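Lettered A, B, C and D in written order, each chain numbered from 1.
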Amino acid sequence: MLVILHTNCTTAECDAVEDCIRRMGFNPLPVPGSNRTAICITGNRGPVDAALLARLPGVMECIPVTKKYKLVSREVHPLDTIVRIGDVQIGGPVPVVIAGPCSVETEARTLAIAHAVQAAGATMFRAGAFKPRTDPYAFQGLGREALVALRRVREVTGLPVVSEVVDAESIEAMLDVVDVLQVGTRNMQNYALLKQLGQVRKPVLLKRGMAASLDEWLMAAEYLLAGGNDQVILCERGVRTFSTHSRNTLDINVVPVVKKLSHLPVLVDPSHGIGHRNFVRAIARASFAAGCHGVLIEAHTDPATSYTDADQTIDVPTLAGVVRDRDLLLQLEAT
Amino acid sequence: MLVILHTNCTTAECDAVEDCIRRMGFNPLPVPGSNRTAICITGNRGPVDAALLARLPGVMECIPVTKKYKLVSREVHPLDTIVRIGDVQIGGPVPVVIAGPCSVETEARTLAIAHAVQAAGATMFRAGAFKPRTDPYAFQGLGREALVALRRVREVTGLPVVSEVVDAESIEAMLDVVDVLQVGTRNMQNYALLKQLGQVRKPVLLKRGMAASLDEWLMAAEYLLAGGNDQVILCERGVRTFSTHSRNTLDINVVPVVKKLSHLPVLVDPSHGIGHRNFVRAIARASFAAGCHGVLIEAHTDPATSYTDADQTIDVPTLAGVVRDRDLLLQLEAT
Amino acid sequence: MLVILHTNCTTAECDAVEDCIRRMGFNPLPVPGSNRTAICITGNRGPVDAALLARLPGVMECIPVTKKYKLVSREVHPLDTIVRIGDVQIGGPVPVVIAGPCSVETEARTLAIAHAVQAAGATMFRAGAFKPRTDPYAFQGLGREALVALRRVREVTGLPVVSEVVDAESIEAMLDVVDVLQVGTRNMQNYALLKQLGQVRKPVLLKRGMAASLDEWLMAAEYLLAGGNDQVILCERGVRTFSTHSRNTLDINVVPVVKKLSHLPVLVDPSHGIGHRNFVRAIARASFAAGCHGVLIEAHTDPATSYTDADQTIDVPTLAGVVRDRDLLLQLEAT
Amino acid sequence: MLVILHTNCTTAECDAVEDCIRRMGFNPLPVPGSNRTAICITGNRGPVDAALLARLPGVMECIPVTKKYKLVSREVHPLDTIVRIGDVQIGGPVPVVIAGPCSVETEARTLAIAHAVQAAGATMFRAGAFKPRTDPYAFQGLGREALVALRRVREVTGLPVVSEVVDAESIEAMLDVVDVLQVGTRNMQNYALLKQLGQVRKPVLLKRGMAASLDEWLMAAEYLLAGGNDQVILCERGVRTFSTHSRNTLDINVVPVVKKLSHLPVLVDPSHGIGHRNFVRAIARASFAAGCHGVLIEAHTDPATSYTDADQTIDVPTLAGVVRDRDLLLQLEAT
């Protein structure tokens, strides 16, 4: 249940509504919005008596929410959320292209790649400082040393930076350097981490878990919004199936379905989605055509020598092709 | 191993090559082509002595084939196969739009739909006469009565017709009426049926099995080509995964991968691929963008009253939108 | 809806019930049983007016059926079905052990294997005459020649024989020689074949499709029962998942669930279920412990030289171990 | 590569071997063992020159390791690991039965359940203090308050206690109270947590991730062993597939395969594995028969009122049945 308040509702009226909800045995959760103020009722298993609330002063209407997720639902927030990072808008009419190497290698190389992807048309930079690796003996990222390189990228190129956060401890250090905190597929249901990130005032890019249902993914996002962080970007990166011709099975269907159910922007990661560099551009193009709000792509000035994910990392000219496809599809829609 | 013959190779030379292959303990399989003649060696488990064959008169070169499938492989047939049905080309530069109801209902209604999808820009008609249904008590298609309606569609509109074949017995009756025989997802590994269809001289549209790996799908196509029918069209229609937000999980990745591995045209069925009519157009657009050779779509003048698959059947204006998307993407590629 | 008739219900009364059902717009399907006669109502989408039927002469009670499948449901047939093949009972208290080579090789070898598996305690013999193979160039079974060998096995050892049927054409030839007709995983949804087998008066062993839901599997069995063949044996053989440490993922869960939902006997095929000979005995033992009515096992006097499925074929001493496990578990239950 | 040292190898010799490995560009990882000392070589991508090492003083032999995981591999540690918790042995000949409620409810109720499961034959107690829940608004466990109850259980009943750890912060508090730290399925690839738990000197029970391949699961265990914690217990709890007749698809195949590849004990969680209380006993019995080292079961004195996972929680008489099945199967093996 969502209780929509009149725009001129007073603080006292708002408090009274919250008190009433508490007396009914539920939890009120204020949902600030640009066009209206609302209070979301959580903690209810059965039906809520809307009539009781509807007659309180300041209440405009009561909207039942049929999904388990509330704050991420379009029922509660009909308009698209646009996440703004400097001049970049994620969730608006122009799909973003976020590109960079899988992991920060050296500062010099990272800067060179950043310049190259910027020249190719990317408007955000991605690179991993902390890498969650299946193999404990494999390269785990440069860690805090990598953050220094990312800070330089931001200073020199002006590109906003996305990087993965793997534990609560490193959040603080990343907040200084990174514009969007990425939660990786293996941590999508690391609820302890999600609770921490709900407290943060930086956008979070939440990748879909390898075998997460759409509901589980949206519920993971709900953890962030329920914690107070409504700057959430979803990112499909392929799911695990029986198929072996690609690294993962990109679930292109999820793009239009998410857009119907949720107001949050949804990106696609074609690099992990298909896992072979020769096919990344075709899949990025398909993702734009399916209506995604942008792509997150592994790109490198010299893909073959990439420390990690070399197979799925594209070169800079291919990235320029991805940007061109995005632009042409935008023109197409304009006609 | 594929033995490529000189264009001026004589019949006697060709026979000598085949004899030599037989003496080596393998089976020679002549592969006629427009640009060259070749003999495919099958039945070998280990390596074949290419040197022995290469020095025979008439032999130009010997190409090792690394995949289990041979005749469907690009190694053996580097150029794209284009299946021609009257004026319609499947596998050429212009993706086809094949549309029609899930099943033939009445002749009048079928004709009305055919006229409507033609006006909307579809260049082929699809409709099921024999319906393989999960439920034995559900409507199983009008059968031979439906074939009469399909014949009328072809006569009146000139649209070529695709329809599903479910057993060996009905092939004969369908050959008269239908331009492309469809093998459904549930029969992809019905090898008895595939062997029969290898003998037929009509194009076959082979849908991917619900849980078929790419190799299994291409091997099923290999049954058709090994039987002598090289007019084969592949069609991705979504695979079965844990996901429940869509009827199937459309494997968009398979499109560029098939195109790399095989010369056969590959279509996408977005209707089964996502299973909800509101999203079919977005998925069709994504399929074109991924590079498919066309789409197979369930469309109806009155989707809600469709006998079968009503949820995923689009109306005619939406189909016109699919055709428009196709045309705009073609322009985009031309620029 | 199932209409149960009094034991002394006359034919005229029975006919009147059927007429009434037809007038209601549905199809009556008589279900003969040893303890009672019943008429199953099919073709209804909405509710059936039970009161109207309950007051007809000869009607004892009307049982609503909540599942899509009816004749395979325990709601309709509360007692376990026991399929009797000579002295062998499938579905009774003693789980059967059906063993033999993947495919019939030579008559001599097939006979030798049959004697060996009989000595090891198997009470039925299995061997493929027609093999559905992924690879069109691979050994496809000896076909009709194999049937001669199977006839000899039956004559000489007295073991009943199970063998796979792959098309309608060969049913006739198999009926003479084979005691149970097996429908393989790839043909579970070959409804044309299922309809033919519904007409046959021989038991059918229906393997679960590679990605078939439980409902789809039971609906495939319903095709057989609706056609009039109630001698149906289900067989779980593993499903397709992302796992690669075994050939298939044996769905052990399905055993107790099937037994709750259906009266049909359910076997397990541990050979395909795990796909590696070293583990077949452990999985067979687990299957007995889960409550299955028997196992279908690939066994050979010399597994390594088996024409097909050599990796998963066990030797005769291991088979004897499987039989011993079965016997000990039976004792365990008796205590 | 694993370098096995002579039992009388000196520290200086051992250091020299480690230095040599470092000079070769790899990392030496000492592996203490009761029967022998060994040094594992990690960080190598290509082959290691064994001859160079084999001739160093103190070296007995060099064993190549073909798997990505090393310390969890049977190649490196041929004998079964037995994890000892007080009198309880996990990994020995007698499978353990670990039982208790999904979550700690009140102290009184938790104690009552502990007494009941002990009386039924369980030798360890399980109950969640911190619950990772898909729904942010759902009951998240009593947290630190629950730890007090668990301490009481241990004091009063003497049963060792297993409970789930969800973040690095709570490890310290749990170490005081809990005998085995459980890592849940959603955190199997939370490598930050695994690294912390590698430093701990308490056994860790590592559940398999919902879509984790066997290799990924063993690599997650490798994180623990590489960190220095070799008291690791694996636990299969079902994987995610297309099947909907059970909550998860229990991968019974994994039990014998893990036992072949690794020396670590492997348990089964039949409660999550099938997800319906009526079938838990059958699946527990199948798991024993497949050779698992024990079961982890949700049991409650009043399952219907369980705060969480009520559907899959068995009552105490059913638990007694599980223990009886275990005992009878043990006798069976003894015969």
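The rule we apply is simple: contacts are C-beta pairs under 8 Å (C-beta built on N, C-alpha and C of every residue); 3 or more make two chains touch, one makes a residue touch a chain.
None of the values given here were measured: they were computed from a predicted structure.
Counting C-beta pairs in contact, the pair that comes out ahead of the other among A-C and B-C is B-C. The greatest centre-to-centre distance from chain A, using averaged C-alpha positions, is reached by C. Between the CA-based centres of chain A and chain B the separation comes to 38 Å, rounded to the whole angstrom.
Centre to centre, using the average C-alpha position, chain A and chain C are separated by 49 Å.
We define each chain's centre as the mean of its Cα atoms; on that basis chain C and chain D are separated by 38 Å.
Chain B and chain C have CA centres that are 33 Å apart. Looking at chain C, residues 211, 215, 240-242 sit in touch with two or more other chains. Partner chain C is touched in their complex by these residues of chain D: 211, 213-215, 239, 241-246, 249-257, 260, 273-274, 276, 278-279, 282-283, 285-291, 325, 328-329, 331-332, 335. Contacts from chain B toward chain C in the complex involve residues 27, 42-43, 68, 132-137, 166-169, 186-187, 189-193, 210-211, 215-216, 219, 222-223, 226-227, 240.
By the touch rule above, chain A contacts chain C in their complex via residues 211, 240-242.
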